[in-house]
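There are two complexes below, and they share subunit A, which is joined by subunit B in the first and by subunit C in the second.
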Partner chain A sequence: MSTELVKVTINAKDFQVPKGARLIDVCRENQFDIPSFCYYADLALQASCRMCLVRIEKMPKLQTSCTIICTDGMVVTTQSEEIEKARRSMLEFLLANHPLDCPVCDRGGECELQELTFDWGNLEERFIEQKNARAEKYLSPMVANDPQRCILCKRCTRVCDEWMGEDAIEAGNRGANTVIGTYGGWLNCSQCGNCIEVCPTGTLLDGTYRHQARPWELTQTISTCTYCSDGCQMSLGSRGDELMRIVARDRYVNGLNGEFLCIKGRFGHPFVNHEERIRTPLIRYQKGGRLVPATWDEAIRFTAQKLDGIVAARGNNSLAVVGSPRLTNEALYCLRKFAAEVVETENYAVADAFSLKPFFESLGGPLATHQDIRHAKTIVLIGGEPEELQPLTAKQIRQAVRNGGAKLILINSVPIRLREQAAQFIHIRPGTENAAALALAGNADDALAARKMGVEAAELEILRQTISETQGDVVLMFGGELSAEAQAVVAQMPYTFAGEGRRILLHPLALFNNSVGALDLDVNGKSVSDLLDAAGVSIHAMYMAGSLLPEHMPKCGLSKLDFLVVQELFETETTAFADVVFPAASFAEIDGTFTNNDGFVQRVRKSIEPVHQSKPDWLIVSELAKELGVDFGFERSASAVFREIAERIPAYADLRYPLLKDESHPLQVKHAIASKRELAKEIAGIRRAVAELSDDGVKVSETPQVGHELFKLGTLTDKVPQFHLLAAGNPTPASFAISPLYQITIDEGIKREKAVA
Partner chain B sequence: MSQQPINIQRLSQPVQMPDEIATFSPKVEAEIDRHLAKYPVMRSAILPLMFIVQRERGYLDPPGVSYLAKRLNLRITDIWEVATFYSMLHLKPIGKYHIQVCKTLSCKLLGSDKITQLCVKKLGIKVGEMTADGRFSLSEVECLGSCGTAPMFQINFDYHENLTAEKVDQILESLA
Partner chain C sequence: MFIGAIGCEPLQLRRVHLENSRWLDVYRRNGGYEAIKKVLDTMSPDDVINEMKKSALRGRGGAGFPTGMKWSFVPKDSPKAKYVVCNADESEPGTFKDRYLMERDPHMLIEGILIAAYALGAKTNYIYTRGEYKYLIDIMDVALDEARAAGLLGNKILGSDFSCEIYTHTGAGAYICGEETALLSSLEGMRGHPRMKPPFPAISGLYASPTVVNNVETLTAVPDIIKMGGEAYQKLGTEKSGGTKLWAVSGHVNQPGVYELPMGYDDMEKFIMEDCGGIANGKQLKAVIPGGSSVYIMRADQIIGKDVRMDYEGLVAGGSMVGSGGFIVMDETVDIFESTKNLTEFYKHESCGWCTPCREGTDWLVKIFKRIENGGGRPEDAQLLLDICDNIEGKSFCPLGDAAAWPIQSAVKRFPEDFEKHLVNNSRGESKHKGELL
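Let's look at the complex of A and B:
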């Protein structure tokens, strides 16, 4: 949008608005209420509901303000008898076939149709004809559908296409018989549920929350998602001590994700109130014995004694402290403080899948926010698969390409689904991602890189050229495939490609909700696998918050420890080795912060009281510290922990809970920007490693299946029955009228292998 | 507002694809190629291709739909959307003789309801159904542009005009 202003007159008041502004937005920003159903910001226009009608001078008939771009001298009336009459008639038509069953509709109480009917509806229904009744049904384990309630605003089909790139639902039939549906009636999409979210009526409903609560019974708490590093803002709806549902409806929450959530964020929450949650502290008094319930006092005392004994006998460094990238900043900070100040061990690590430490050390420019990605002109994605691992990032990329005309350059060994949006797809051999960093750094190694990647050298030339010709933002993203050296090279790209009118932004595709925070708070950044290797050799006790990742499990060495303490929600493969298990509170039960891959520090808020006897991770650590003679002085306040983080960690300086209150204006961590430096050493290292790769690796030509990561059963998603159906390939049930949960039994045989949540 | 690359390649399907995919004789394939060549944007060829697939396979059966999605580089839901829009395209098996009774004004005034009722009685099926032996399907359609000779119906591509009860009997008998 240009900075040029034009004059529009709305209801006899003059306004200066940017050229190209949309009339409906301008009216709303200036407090002139315009009702609408089909208009949805940043989606293709539909103009089917005709609720947004206004009178514009010199134009025949009433005009839909959602399709009008303001022009100079436009004179608009938004309120008049004529307009009111038109809107009332439109609403009457919309209700002509809509069942008036709000009392039994899940959407009742937060339904846009219901609300606008209060404003614009007539008291009396004049249509006496039979309504076009259609049966309620399920479209998938997650999506319930009542076709008769549809007003055909097609928001759902548009988000499915434009946000998700899936086109899973479309409008079928025509005229009065039009319905939203799909071929064969059963959805095998990624089950994001965004169609449910944007539906202004009760047509598409959350199939997992059906008839379980009414919206007005729920307490809405704004919080941050506990799954991936995108850090979507969401509203947790709780009733009493139970978390009932998670939504991102803009009436409750307005975060960086808008109303977008992925399947995990939206449907992955039933683990919170799951019956298998660990209820009390557990102690294994004897190796090989059982974990038996104990009181908190006893468990803390027992643990403190044991740790004291081991440290006294074997030295401080015989104890290792291991955190998880799923924990809050507060918990990770307390763990680190515990390691540094209570036992004074050097062995502290975070069990992440890969470390972004080399990247942040060489960081040569700002991190791209999701807003930046949406408005970028060029996006380069090396490795990774955001559709499955960072769904919001994938959505922003799709919209940048589709609605913003951005160029996407994909460098991947697999034709991932984003290839559909890619202007250039550099299809490389598996394991040669690092060569892409070489190619970015300059053309000196093009011959080698191209040979190893199995691509033409010209493709690499085009890549560099596209970046250096871009006017606007370039976002460089990369997944976990890059080596430390390659990360450093990419981190320095803002210097390499600096130019007039161009910003180079970086966006690491971290895996977990607080991978970035965990890194910010970690001082020495040891790798967890090194600590595990030392188990039984130099390390004899471990204190772990959260479990190890499956990839760490095979040779984890936990059995060689004299003493293992684990804080967890559920009994896992890790707790099987534990001598003491503390029940930890989940993200829905605690206050804290997560730092996402934009570098935004976002609040996690307590929606329900900790279940059973669980406690927040950071509080458990402080209590143990107290027993060992060090009082952290945080009392019971997470904000006190955060204040100390802000005081001690430079990147978090000046941040405070009150400043993080508004989820629509998240604050970015001030990561130190490294100055431009010589990369010869790194490049030589990458060159050596790349040269050793084989020349004839086979390229993968199959696009991975939708959900191959999203539907995997991890410790948390394992607790959601619907995920089991999806993991088993989402079989089509015999009847769509009943939830497939009651029709299909998943036995162990068809469960896909368990993996990371 | 939005720009999408033309002839985008579809990499995944949001619904279960039928396992089987239809195949056609070289002659039909050539005909399909001829149609595809006519359009700069491939998806524009959807209607002629659907027509050919339906002609060859009786209706747009799952393997046929699969074929269309593959050939036109479309999502299967796009095929569904178009196929359900047109009353002359069928996603369900259709009888050898498809009786389409006009129900629009002229025909209605001159007794199309009676004609429909006659067919219903005679064939033992409701509107929108197919006889068990797969010979007849019955539907009601909008104006077929033959108002001057109302009431009328169309069987497959043939018009039968100025219908009376006897005439309907006769026609159905001759086809049974």
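Let's look at the complex of A and C:
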């Protein structure tokens, strides 16, 4: 859209609007009510519901305002008898075959058809004929379908295609018999449920929440997702002390993700009220004994005494403190403070899958926000698989390509699904991702890089050429495959490629919801593997908030510790070694902040009271500190913790909870930008490492199955029964009429592979 | 069945009676492929388009848009490929003229497409037929092979620098695929849904490239226009509607068939009563649908003695439209309620389901017709039918909605007596209502 203005007259009032503006948007921005169902921002135009008809002078028929681009001198009428009749008649048509039994429909109360019927419905129903009846059914463990409520706005099929690139649902049959259906009856897709979200009626419904609550019974709390680093904003619907559902519906929440959520964000919440949550503090009085329930006072006192004893006997550094990248900034800050100021140990680490520390130390330009990705002109993705690990980023990439004409350059050892959108797919040998950093740095090592990657050197030339010829934004993304040196080289690329009319933005694909925040707060942090290696040698006690990742478990050395404290929601492989377990409150029960991969600090808000006796992680640490003689002074206020973060951590300076309250305008952390520097050492290091790689690694030719990461059962998703069906390959049940959970027994018999993440 | 010209020399139907008329040598012996030679030897693309404009040829598919104008909308400087697509979907009920042209004179169509492709700079062209015309595809493919072998198609046509190719493609039997944008969707391999206009196909059509979609009869007129010159062709007809037009006559006439008439033929009564041999079995004329099922139905008294001229303007003045030229004649035995129900069921069946008014409206209309037929008619149903049609007309995504509404609107208004007997009588034939229907 240009900055040039054109004059549009709407209902006899003149407006100056940007040239190229869409009439329906202009009308709505100026408070002229235009009803619509099929119009949905940033999806392909449909113009099929015909609700948004307006009269435009010099045009013979009424026009759909969603398809009209404003031109200078356009004279528009949005309110007249003719238009009212047209809108009322469209609604009459839509209601003709729609059941009028809102009280039994899950969408009743937040249904767009219901709302527009209040505005535009007729008092009297002229349709006295028999309605076309169609049976309710399930499309998948997650998606329930009541086809006769469908008004065929096709938002669902468009998000499935345009957002997800899956095209798993499509309209079948013709005319009045048109139904939204799946290919082959059973929905085999990533089960994101975005079709449910965008459905304006009760046609596509959350199969896990079906008939459990009415929308008006729910308290909506805006919060941030606890799964991946995209940091989607969501609305937690709770009734009493129970979290009932999660949606991103724009009537409740307007975050960076719009109405997008992935399967984990939308359906992965039943762990919150799960019966296996740890209910009280637990103490193992003797090694080899059982964990026995204890009171908070007893457990805190016991832990304090033990820690005191170990520190006195073995020194401060015999104690290690380990945080989790899933915790809030507040919890991680208190943990670090606990390590530095209470037990005064140098051994503090965050148990992340990989560290982005080298990247942030060399950061040569701004981080790309998700909005930037959507409007980028070139996107380079090295390694990673955002479709499975950062689904919102994947959606933004897809839309940038499909709707914005961006060029996607994929450098991956696996033909991941995003390849379908890629203008250039550099299919490399597994483990040679670092060579991509060499190629970005210059053409000196092209021969070596191309040989090791198993590609033509010309492909690397095209890569550099595409970046340096781009007008607009270039986003460089990378997954966890890059070495520290390669991360540093990529981080410095803004200095290499930025130019007139071209910004180079960086987007690290961190794995966890607060990987970036954990790094921001982690001054002088150590590697968790080093600490685990030292267990029983120089480290004799550990204090952990959250469990270790599965990859840390095999030789974790936890059994060699004299004393292990773990804050957790559930009993895990880590708590099996613990001497004290504190019940921690989940993200739905606490206030706090997460920092996402855009660098946005976003609020986590308390939706329900902490279940059982659990407490927020930061509060547990604070109470223990108090017992050990140090009062953090935060009382019971997460806001106070954050205020101290803002005072102590330069990147978070001046941020306060009140400034973070509007989820539609998230604030970015002010990461320090490193100056341009000589990369010769790093490049030499990468060159050496690349030269040692084999010349004949076999490339992966198969596109991985949808959900191969998303459906894996982790500690949290393991608590959702539907995930077990998906992890087992989403078997087709005998009947679609009832939930597959009632038809398929989840046991070893249906597991297709070891489904433990 | 009559196939031939009335009131003029046969132009489009000139060769259909010849033995082996579909073969290349017959076509060539009878003036075939002279036009393309003239074009390649002596004319620039602009010359061709100018001739087309002069000819006042209006698109024969139904909308009657001036063909030369349509061609001139294709941007000359577009770097994209350009396409000519022949709409041979001919799915309008009552229309069967294109099939005779393709069946008996396929090379005329090929030559027409070649000239259009030359004028527009198209290298790849398609003939899209309806699914039921499978046998025509076979005929066309043979003709295309013949033309290719004779150097009339493919590389360097007739030794010139002009090269182009024509492919055949069949639909799967959907009426909507006769609508040009739905046809393009179908041709691209997608669901046959209409597309938003603008952009019009001339700017962004097949594969988002400049495309001209023309009816068979439109394209087969092109060789003659080139040969005789646009002006001469126009003079065959009227000032605004040049040339001749094929009428596919069916129904209760003694001599149904495909009639070639000069545009502006005077008049419809004479055409029915004399040229078509009058009404069969000595019955009286009751109604005519002159331009395929989607146009207004005409009462006999709108025709008899009314001097209805048979061209675009004349038929509009007479209360209907030329449409596709599917000329359906009905005698006094026809119950217009029944015939309208039949058509409504067709539109309901063929509604693609994309937009609300057409999808839900046609479904509702059929339900009402069925209820009335089963004795559940109410006097207010006539007004209800009209109101539903009014709510569909002009508000649907593509013209199919209008096409569904017009026959009902005209039938209810022009034949109220046929509706009245269904609406005010119950299933036992007893009157339920005394009073004005409309």
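One rule holds for everything that comes next: the second predicted complex is superposed on the first by the 748 of 757 C-alpha atoms of A that agree within 3 Å, B and C clash if a C-alpha of one lies under 4 Å from a C-alpha of the other, contacts with A are read in each partner's own complex, and residues count from 1 in each chain.
By our rule, contacts are C-beta pairs under 8 Å (C-beta built on N, C-alpha and C of every residue); 3 or more make two chains touch, one makes a residue touch a chain.
Owing to the predicted nature of the structure, the values given are computational and were not obtained by experimental measurement.
Undergrad: Using the superposition on chain A described above, determine whether A:L152 touches subunit B (first), subunit C (second), both, or neither.
TA: Second partner only.
Undergrad: Contacts for A:C189 in the overlay, against subunit B (first) and subunit C (second): which applies, first, second, both or neither?
TA: first
Undergrad: Just subunit B (first), just subunit C (second), both, or neither: which does A:K357 touch?
TA: After superposing on A, A:K357 lies clear of both subunit B and subunit C.
Undergrad: Identify the partner contact of A:E129: answer first if only subunit B is touched, second if only subunit C is, both if each is, neither if none is.
TA: The answer is second: A:E129 touches subunit C but not subunit B.
Undergrad: Quick one: is A:P415 in contact with subunit B, with subunit C, with both, or with neither? Answer first, second, both or neither.
TA: A:P415 sits against subunit B, while subunit C stays out of touch.
Undergrad: Now for A:N173: first (subunit B), second (subunit C), both, or neither, which partner does it touch?
TA: both
Undergrad: For A:L45, is the partner it touches subunit B (first), subunit C (second), both, or none of the two (neither)?
TA: In the superposition, A:L45 contacts both subunit B and subunit C.
Undergrad: Once the structures are superposed on A, label A:T732 by its partner contacts, choosing first (subunit B), second (subunit C), both or neither.
TA: In the superposed model, A:T732 contacts subunit B only, not subunit C.
Undergrad: Touching A:R214, do we find subunit B (first), subunit C (second), both, or neither?
TA: So A:R214 meets neither subunit B nor subunit C here.
Undergrad: Report, in rising order, the residues of subunit A that make contact with subunit B in one complex and with subunit C in the other.
TA: 45, 171, 173-174
Undergrad: Touching residues of subunit C toward subunit A in the complex: what are they?
TA: The touching residues are 174, 191, 196, 348-357, 359-364, 367-368, 371, 384, 391, 394-397.
Undergrad: Enumerate the contact residues on subunit A facing subunit C in the complex.
TA: Those residues of subunit A that touch subunit C are 45, 47-51, 53, 60-62, 67, 85-86, 89-90, 92-94, 96-97, 126-127, 129-130, 132, 151-152, 171, 173-178.
Undergrad: Could you please specify the touching residues of subunit A with respect to subunit B in the complex?
TA: For subunit A paired with subunit B, touching residues are 44-45, 160, 162, 166-174, 181-184, 186-189, 402-403, 405, 415, 417, 419-420, 423, 703, 705-706, 732.
Undergrad: How about subunit B: which of its residues touch subunit A in the complex?
TA: 1-5, 8-16, 65, 75-81, 84-85
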